[in-house]
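One structure follows; several queries about it will come next.
Chain IDs A, B and C follow the sequence of writing; residue 1 opens each chain.
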Amino acid sequence: MAIITLTTDFGEKDHFAGATKGAIYSELPHVKIVDISHSVSPFNIPEAAYIIQNAYRSFPKGTIHIIGIDSEINPDNKHIALQLDDHFFICANNGIMSMICSEIAPEKIVEINIHDKIQTSFPVLDVFVKVACHIARGGTLEVIGKPINDIKPIRNVVPYINDDKTQIIGSVIYVDNYGNVITNIKRSFFESVQKGRDFEISARNHKFKKVFNKYSDIVNFDIPEDKRHDEGRGLVVFNSGNFLEIAVYKSNSNTVGSASTLMGLKLMDTVSVNFIKNTVDVYPERPLKTELKEDL
Amino acid sequence: MAIITLTTDFGEKDHFAGATKGAIYSELPHVKIVDISHSVSPFNIPEAAYIIQNAYRSFPKGTIHIIGIDSEINPDNKHIALQLDDHFFICANNGIMSMICSEIAPEKIVEINIHDKIQTSFPVLDVFVKVACHIARGGTLEVIGKPINDIKPIRNVVPYINDDKTQIIGSVIYVDNYGNVITNIKRSFFESVQKGRDFEISARNHKFKKVFNKYSDIVNFDIPEDKRHDEGRGLVVFNSGNFLEIAVYKSNSNTVGSASTLMGLKLMDTVSVNFIKNTVDVYPERPLKTELKEDL
Amino acid sequence: MAIITLTTDFGEKDHFAGATKGAIYSELPHVKIVDISHSVSPFNIPEAAYIIQNAYRSFPKGTIHIIGIDSEINPDNKHIALQLDDHFFICANNGIMSMICSEIAPEKIVEINIHDKIQTSFPVLDVFVKVACHIARGGTLEVIGKPINDIKPIRNVVPYINDDKTQIIGSVIYVDNYGNVITNIKRSFFESVQKGRDFEISARNHKFKKVFNKYSDIVNFDIPEDKRHDEGRGLVVFNSGNFLEIAVYKSNSNTVGSASTLMGLKLMDTVSVNFIKNTVDVYPERPLKTELKEDL
């Protein structure tokens, strides 16, 4: 039984997501449909790219992912289907897949060419569902499209690094439900540049010298619970997707505040990492932990 | 395997939708439940009517639609079940179904009369689920209700047209996730009045002389992409449900703006179409396209 | 076929809920997954406790409930699994279960101890899913944890009652999608203290002398519909979960207003009930209905 996932900017209120599911069940009564998100900001391609990249891997091989963001077909915006990491993705060729593809090469890409048979002002319903059901029935991509080699890129997928490798300049690519601020700096990239050096992370006027592995690593559990004041403190972690994230402990934008509200960080803002040549290479065993002097 | 859909104003946070699904699975472990929307504005019947009308058609024949808006039973608000277009609908008799029924006559309507057995302050859970499961098991409507002939209407379902058929006066019935503004003027009605004439659509102080078939028809793709300034431009389309919609290209209320935010259009606002007697009937082949002079 | 439900503060936008579902289907392709809520306010344990308590009972016996709120493991926050009322619950030991446990004693509680095998910064995905799938396959709690006797309590689960039993002092534990304000005063507790006496309920400067069984009991249906002015009137009901709730008839925070917006009531605010010794015990047959003098 195939799984079809949906990632769209349809929102939670309108009929679009419901209608799409109805169309899928009309073709394939036994498929499983899973909502990944319908709350991507309208036409926000980097957000959709971040969400699908972090969600798809948990699904079984063979899962079919429909991504409905800015999917109206026109001369600049063709429809594509990809096979990548043994998953299938159906979307517009507008950059959504470039974040995943920068890490894993697609096994196959086709430009969908079944539009001569379909007049549509609702391409997710009329085109993407058709393609998804075709794949779910075991059909090949070549039947619904012509092979192409490249997809359209988006900017800011990869952080900038200076020539003498003392600085990474990244940017904020996502702000999550907790107001935590996620950068495009991945753990593997960070560590490959760091090579054991101390560092300072700067986001606006906030500085951090340590990256934690989980949020509560900021807490000193030797202090009794009622004497601690950790809620609302800023910290940096590698999050569960291995992205460098500027966070606030027990963050809530409406109560204690969040990295987004307290530090004023927003999409596309710059986050930089400056590496410091260690005078004595004395901490080779602690690549990420230096003296504890977090900001806030 | 039957499908039961849910359209409610329960919101995304409360336990109501989850509890309803639990009650359905308790009766019918193998049914499919599909959320259409739980974000209808509280007690907003026209919104619910628009959503269910546009969603239901994508589902297979025989699908059972629970609509939980203003469903507390009282002397003025009875519960009904309808068979229409080979689908089943269960809701309060408060006008929700009058938009669909204005286009397609119901095959059967019953007023649900199983309440003597059910004490409830949660009618969707206690009554509508019972009725839905009864239908899903193949039961007839007559067993759970007594046949009636009419349902309660809502206002503003059908636009007004003047006597000499030179003007349609419609109203805004829905504002979607993109801030696009949807009127009660359907394509078939518009075209039956238009009869090839030129026209001017007015919404507040904005005027439009053309209706597009899709959003990106406003773009001139001969201009290089970096020289175009189409995002945020206003336009009129017949949307995927064939309603006349005042839209903004790549609309996002939080960034480029939307028809709702930029033009100040909201629910129940008037949108009028004035038809112009063509001096020479020169464009019979282009019923919807006149000279390009869209507003904004 | 087992059912696994999800109640989290992941929000509607992020990939967390989708990824969790993918991980479940990767282990158990035939399980049913039901979203109860992903819109619990971040780290808000009383909200989650209220939602799961009111939702779980509708599900079939044997259902497995994952509750992902403040679930990062640390010395003060262990993971637990409970069997209670023939349902299974998996969560952090942070008080979420104490509201349900104050009414129904758990059949079994274990502290989950499979973390030696799992490095995680996403415990719902990595730990709770593993435990849920273990239970869904028929595994016992003892295999994934060590039995414990107590769980961590939360405050404000039970209202205060004075020594001579003339006053209940409760507090607001939840504000629902309609802006209705729910207290921790349950019907059975209220009636056991009331013993037929008249009473006055106070919330800020608003007073109520009656508790209704449903919202539209406030309406006098003998008055013609167009002469009634009930929308926006305040009232008190025992809601579908049998909690004392301060409500507004046909409430909508954005239009007619809600108990929350009109009366300024919010989480943790005090709601008190003062019982009045009846001079003549003349209404023994009407335990909840006294003279009609509701506020607003």
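Just so it is clear, a residue touches a chain if its C-beta (ideal position, glycine included) is under 8 Å from a C-beta of that chain, and two chains touch if they have at least 3 such contacts.
Keep in mind the model is a prediction, meaning the values are calculated, not measured.
Chain contacts in this assembly form a complete graph, since each chain touches every other chain. The rotation that brings the Cα trace of chain B onto that of chain C spans 120°, given to the nearest 5. Separating the centre of chain A from that of chain B, both taken as means of CA atoms, is a distance of 33 Å. Chain B has residues 12 in contact with two or more other chains.
Within the complex formed with chain C, the chain A residues making contact are 1, 3, 5, 7, 12, 32, 34-40, 50-52, 54-60, 63, 176-178, 213-216, 219, 221, 225, 237-241, 250-255.
Contact residues on chain B toward chain C in their complex (touch as defined above): 9-23, 25-26, 29-30, 33, 41-44, 70, 72, 74-77, 120-122, 125.
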